[in-house]
Amino acid sequence: MSESLLEVEGLSVEFVSKSHSTLAVRDVNFSMAAGSSLALVGESGSGKSVTALALLGLVSTRNGRISGSVRFQGRDVLRLPPRQLRELRGAEIAMIFQDPLSSLNPVMSVGQQIAEVVRAHERVSRGAAKARARELLTLVRIPGAERRFGDFPHQFSGGMRQRVMIAAALACRPKLLIADEPTTALDVTVQAQILDLLRDLRTEFDMATLLITHDLAVVSEFSERIAVMYAGRIVETASTRDLLDAPGHPYTRGLLASTPQIESELGLRLTPIPGTPVQLLKAPTTCPFVTRCDQVLDRCREQEPPPFGPREIRCWLHEEGS
Amino acid sequence: MTSTGAVLRCADVRVVFTPRGLATARADRIVAVDGVSFEVAAGRTLAVVGESGCGKSTLARALVGVQRYTGDITVAQHRGAERRRPIQLVFQDPYASLDPRRTIGFSVSEPIRAQGRHSRAETAKRVGELLELVGLDARMSARYPHEFSGGQRQRVAIARALGADPAVLVCDEATSALDVSVQAQIVNLLIDAQRAQGFAMVFVTHNLAVVRQLADDVAVMYLGRFLEVGPAAQVFAQPRHPYSEALLSAVPRTSAIVDEHRQIRLVGDPPDPRNRPDGCHFRPRCRLYQQSGEPEVCRTRSPGLLATRQQEAHLAACHVTSGPAGPGSVSGTAQ
Amino acid sequence: MRYVVRRLLAAIPVLIGVTLVSYLALSFAPGDKLSAVVSQEALLQMTEPQKAALRHSLGLDQSLWKGYLHFLQRLVHGDLGFSLSSGRPIASELTERIGVTLQLVGPSLVIGLVVGIPLGVVAAVRADGLIDRIITSASTLLIVVPGFVLCLLLIDLFAVQLRWLPASGLSSLGAESLNDRIRHLILPSAVLGAALAATLMRYTRSSVIEVLASPYIITARAKGIRTRRLYGVHALRNALVPVITVFGLSLPILLAGAIITETVFGIPGMGSYAVDAATRRDPGAMMGVILVIGGGVVGANLLTDLIYSVVDPRIRLGGAGT
Amino acid sequence: SSSSDSEDTSSAKSQLIMTYPGKFSFNFHPVADSDSGQQIFYNLFYSNLVRRGSSAGTIVADLASTWENVAATTYTFRLNDKAKWSDGQPVTADDVVFTATAAAQNADKFTGYTPTAWLAIDGAAAIAGTTKPLTGIKAVDPHTVQITLAAPDSQYLTTLANAVHVILPQHALAAVAPATWAKSAFATQTPIGSGPYKLAKVVPDQYLEFAANMDYYQGAPKIKKIFVKTGMTEAGIVNQLKTGELDVALGMDPTNQSLLASTSRLKTSVDVGVGTMYIQFRVDNPQVADERVRQAFYYGVDRASMLKSLFGNAGKVLWAPAGFDQTGADLNHYDYDPAKAKQLLDAANFDYAKPLTLPYASTESGWDKIAATIKDDMGKIGVNITLAPMDETAWSSKLSDPNPNAFSVTLNCCGTEGRSPDASSVYYNKTFVGTKYYNDQLIGLFAAGRAESDPAKQATIYAQAAKILNTAVPYNWLWARSGLNVLPTALQGASIYQSVIDTTGNAWQWSLR
Amino acid sequence: MTRPLLPGSVRAAANRFRSDGTAMFGLIVILVTLIAAVCAPLIGRYDPNATNLDEVMRAPSGSHWLGTDELGRDVFTRLLYGAQTSLTVGLGAVALSVLVGMIIGAVAGYAGGFVDGVMMRLTDIALSIPPLLMGIVFVAILGPSTTSVIIVIAALSWPSFARLVRGEVLRVRGSDYVLASQIAGTRRLRILTGHVLPNIMGPVTVAFGLGIGTAVLTEAGLSFLGLGVRPPQASWGGMVTSALSPEVLQNAKWIWLPPAGMIGLLVLAATFVGDGLLRAVDPRTQS
């Protein structure tokens, strides 16, 4: 594990339209080792999904402006020729999405949708691809995989659909799995099943997993490390335990305080983060959290903080104490 | 749950959906709510929890009178389907529940105008008060929904509901669509409003963690039925029904010690309401059913909601835990 | 199958309504129904008693309701009666005309589908690019130019000036052959087909654009699916659902368009038969036309639904089996 | 080039494709002969006793090789003894007797043209609706027929040449019930005729294919195949003539002549026909009841300019019915004179405030233009005309409506008035609804003219009639119509007949160079 | 804060529309046509219906900018007056069919059940009747006039509007905000006027725009079949049908090309406006 699997440096994504542009991701840096797990948490619109899509070179070229570098096993994903990029997707880096119904093609059978990944990346016969798809369906614990191969997504329950998505993602044994809110649309009991499954598969396949969510509780059971995103930036990165025990950035703290917890005492009043989530249309001249923060310093209003310390906390409070 | 001071009383509420069409098979009928009875007293909150499709929203809609049902629903002495009963609903989707072409002032004023006893000026004044009450600026009443964030819209929706001076407020997943930080704001707002106005609240959700913050009582719903009803403290601490137990254990937790023995995973998928098993509906996914040797009674008889001697208000519908052997604790049986 | 039968049964009241409305409208239209049989000159010379006698012998003197019931009665026995103007059985006249119209409409449907849909996909994939602009403008032009102007211009260019194709009619007399028939049908079916192609192209384009933005397409991209498969299988099949609706709706419109095309090209199909029947106030012939076209509309709707269920597995027909 | 290709093929195959504008129905029983276009193929397929010749007023042999007018009311026809039906049976005098008798018995079944020549036979009126024999006609021998008329008729032979008077085969039709004649297989699919061509193929509403009848009694036709197309628009005809899809077109709108000038394969001519373009008044309608109002239309409408500007001067301005001698000294020419028109209107106390409604059949070629010009011209002298275009059915019902208020003024055209003065006599019958103009003196004059065999005496009679009509103006004869006729330059032996639909009368003599 | 005249969403849509190039182009074309039509008596130098047999089919010149037609009438003047007809027909027919379609669709969608069934069967019947055939019969009954052309086109197009409106009503009726209003105790009629109708106006407006184009084209088609307005009144469709005469088609293009071009332009403009409205009212483009 000397060489890291994924190395993201200075990744920025801007969406331009006629009237304005949105700074969705700004100067994001992180890295992942093979087999490791990282969670990206943050509120809606903070840029988690866009970061994930950028890793696969899937940010729309029509209105998306992307910069920085994404090195996957030493190759710069953002500068790969289209053909190689296509070969990378699904084979080396796979991705699953939040809503398994709309993310599966409604008019293709689930078996087809798994088999086609195999066929897209390996020179195998149709039959072999099908056989593989069946194995995968069994692997993700779809009861009666053989029978249900030809069924369509709408005939599956939410949890099963998500399993199908996972099966398709695992088809070529990727080195990295990106799971963008894989359980948000699911019931609690099913969510638990899917998270268990992902955890098992991670160890079984030795596959690095980037989990994207806004639910701290979910990541606490799943990832080794957490990166907290706010307004397009990673504002804090730490191991899960450390972060939960001692959140550094005021936003992380606020997030934790406003997350309802099943272990908390009954009727405990939550402390919400005041204000509403921000979306940056131009580079800020202050800390983007300044309007919602309860520990504002003068510096906060003057300049956006750089990352401080080993946790790379972007907060002036952490300026001296690294 | 005492019946004294109950402002919402439901007795054997049942909602059946029959698809229309020339070739309707009986099998296509959906019993979305299957004989639910409960009461909520003023100032108290009943949380209804359960998985997707178990009938929570349908129950909520029946309560507020926009869904045909059989059985009895009484809201503060109003029975049957009167047009204006003091019961209001807050929806899940803050984007869909406000008319995009009407100012929020218009939307908030609707229940006030429907009462028909306020002048125009009074109505405007009341709208302003309501907006302030939910933490918005009274001057915002001339704005349109698209100018607001999801959390603010949900505040508007709450203001609208409060405008009817409800005796009961039903919240159908009112916080599910919101970011955690905003969700906390709304939960707090609801708690405060309830303190101030004293209405009873039925809080429908699948998020058990939120339930902890605001519920006095919890009802666990499965396939249209209540499987367990009881004071929140008791249900959380000692769930009597195996389903409640599994539900609780499935909730991810942030605490360092992951209580391994409490990780009870339900097998199988949420059930299909078109295709309900005989006897106890929960049987196919039930751990106790298997562990206790697949008792005949679970296959043949649907269990009723029963209390225990120790805890009169804590009811559960399980043949095994409240069987002839006397009510035992779930965890006991589980070990 | 049961579904099809049920749908066809449900069409009966609609067809009865259609014939009733038409029958009433026709009987309120000014003009002696005898005109269908008697020439204008003869009409001027006939005395009123003579006219009355002739009306009686033709059954034209029945009361409104009796006449209609009589029509229904005969219809039940599958008898459409004789055309007043030509004296031939209406059923056989209709059969000939339908044959001709199908020869015209059939190829234009093919042109519409084969040209319109692929161009729509190309335009959508290259949305806002040069190719898109060219395709879109061409289709707009086809849609906005009155149909008969296009007919006249094409005849003038291809038949009269260039002499590549015959100017009108269905066949070169004395030299009939399949090849000759095809040459005669090229221009008229091109005109009809072009309009359909233009419409289908527009709908396909917008539908594909919408589909391309959907989560399952992003998923497919993330799976590394080849471009051709991405557009041809994933995008197109989903995009076809709304296109089918338009296609179904345009079948009757195509028949209407055929009236003008048939007139300009001197093709004796359903369209010109309909016009003749209406202008001659030939009740039998008119009801025949109405039945055929009304039945066509019903059939088109049914066909649309059947195609739906083939294209989209989510659509189950009427709940009665898949 | 490809145009010469098609030229070559048509002559090499020795075939002709011909048409006549508009839609005429493919019915082979004269009981349903209702469109003038049908005459074109009736001429090919059937024989009449006699035909009209190519120059005006002449009569030539057809089935009857000779004939004589034995007495004022009696004709004897000697049939060509080589004549055979297309199924091989000989044509006999009995067929003629059958044809005339059946028509007389079932005159009421004729929904198109009336078989006047058969009805004029002595005794015809008496047997209508019965199955009794017709006394006025008899087969003298198998090849001789004698016809006795109820009254002398100087126009009898001309009338006999009409399509409605084709001779029918008794052996094929005797068993067919008259009520089903029009629908019978004989009428629609398998007719039997004795003309120069046999029916080879019927494609309903599209074309008829005829093949030369090599046994034709006057000699085998040289052109092997003739096609007759129907349902063509003027524009379609012009295009097809240019592309070689059509060879012969008769009776087209003259304005198309210039478009065909460049096609050397064809020769075009604009010929004055027997039809007329006219304004028709409903004389019992109060608005135009005064003859001065009708005369005002003559003065007020600039017919000469209209004819010149709109129709390339293809026609002849008239002031008496076509067929009458227009040179009569006392006939008013009604040259364009709006002032005079105004005077007449004033004198008639015409109510200018009340507009006249002019219904017309908008589908007729050129009527829109004529109607608009009339509206405009009359508008200049204060007569307000509302145009009411309608489809042909609605219009023709208006025309035959007995109610005087059905219309006051309309357009009309065509007919065969140009053939002779007598041809328009039918318009002035008491039973004729169209204009409701009749007067006993006029009816008497027409009857006298018909009975008169001395041309000079006949001319004086008709001059009197012309004067009456010139003054009373029940119709405002705008002009005698010319038609554009197109024949291939390679076609020999064909000429345009006065009545253009008679042109196919000698098709058996045609040949392609 | 002053109360805005238009609801915010409408204002936002109007702004989007204003910055939409093609849509504005379409709107301008329609407005210019409208102005030309209204000002026809001022702009046109001739009587549109006055025939002049001395000046038949003259090519464009200084005195007749677009030449004269077969009756010597000034084509330019007739083009202006024809705009009156075409716009009246376009707007009138669409307005009428929208009105009928709205009423039927809204009642069917809102009442549901039996009423819905009956009304939708009626719509099916209307949709199954061959359009031009009915046109012929209607015009025969009504006689030719602008009004009957409008009625015929409206009779042909109301069913699709009814279906559209019904679908929209069903969509809106099932929305949370209508439920909320119902729970608040608002009366049905108030809900219909207060929530349902305002929220279906978007799609209806779009269909209105697109419908104008179709109506103008249909008028041309009706004129072709001789079912147009009463002559000598000028209409673009009627003017184009002069091209049916081969002589005019080939040798006097100035008679039919301008009206054909104007029909195309107007249809295009209407389509642009319709599409522009679609973009402007699309909730996904709302910020």
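Each chain gets a letter, A, B, C, D and E, in the order it is written, and its residues are counted from 1.
Here, a residue touches a chain if its C-beta (ideal position, glycine included) is under 8 Å from a C-beta of that chain, and two chains touch if they have at least 3 such contacts.
Not measured: the values here are computed from a predicted model.
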Chains contacting each of chain B and chain C, listed by label: A, E
Number of hops, chain C to chain D, where each hop joins two touching chains: 1
By mean Cα position, the chain sitting nearest the middle: C
Between chain A and chain B, centroid-to-centroid distance (C-alpha), Å: 31
Intercentroid distance (Cα basis), chain E paired with chain C, Å: 23
Chain A and chain D, separation of their C-alpha mean positions in angstrom: 90
Distance between chain centroids, defined by C-alpha means - chain D, chain E (Å): 46
Multi-partner residues of chain E (at least 2 other chains): 136, 140, 244, 249-250
Shared interface positions of chain C, touching two or more other chains: 29-31, 152, 156, 263, 279
Contact set on chain E toward chain D in their complex: 49-51, 53-54, 56, 70-72, 136, 139-140, 143-144, 226, 230-232, 244-247, 249-251
Contact footprint of chain A on chain B as seen in their complex: 51-52, 149, 151-152, 179-185, 187-188, 191, 206-210, 212-214, 232-233, 236, 246-256, 258, 265-266, 269-270
Residues of chain A touching chain B in the complex: 43-44, 157-160, 187-193, 195-196, 214-218, 220-221, 241, 244-245, 254-264, 266-274, 276-277
Of chain C, residues touching chain A in the complex: 214-216, 218-227, 229, 233-234, 237-238, 311-314
In the complex, chain E residues that touch chain B: 1, 3-4, 7-10, 12, 175-187, 194-195, 198-199, 283, 286-287
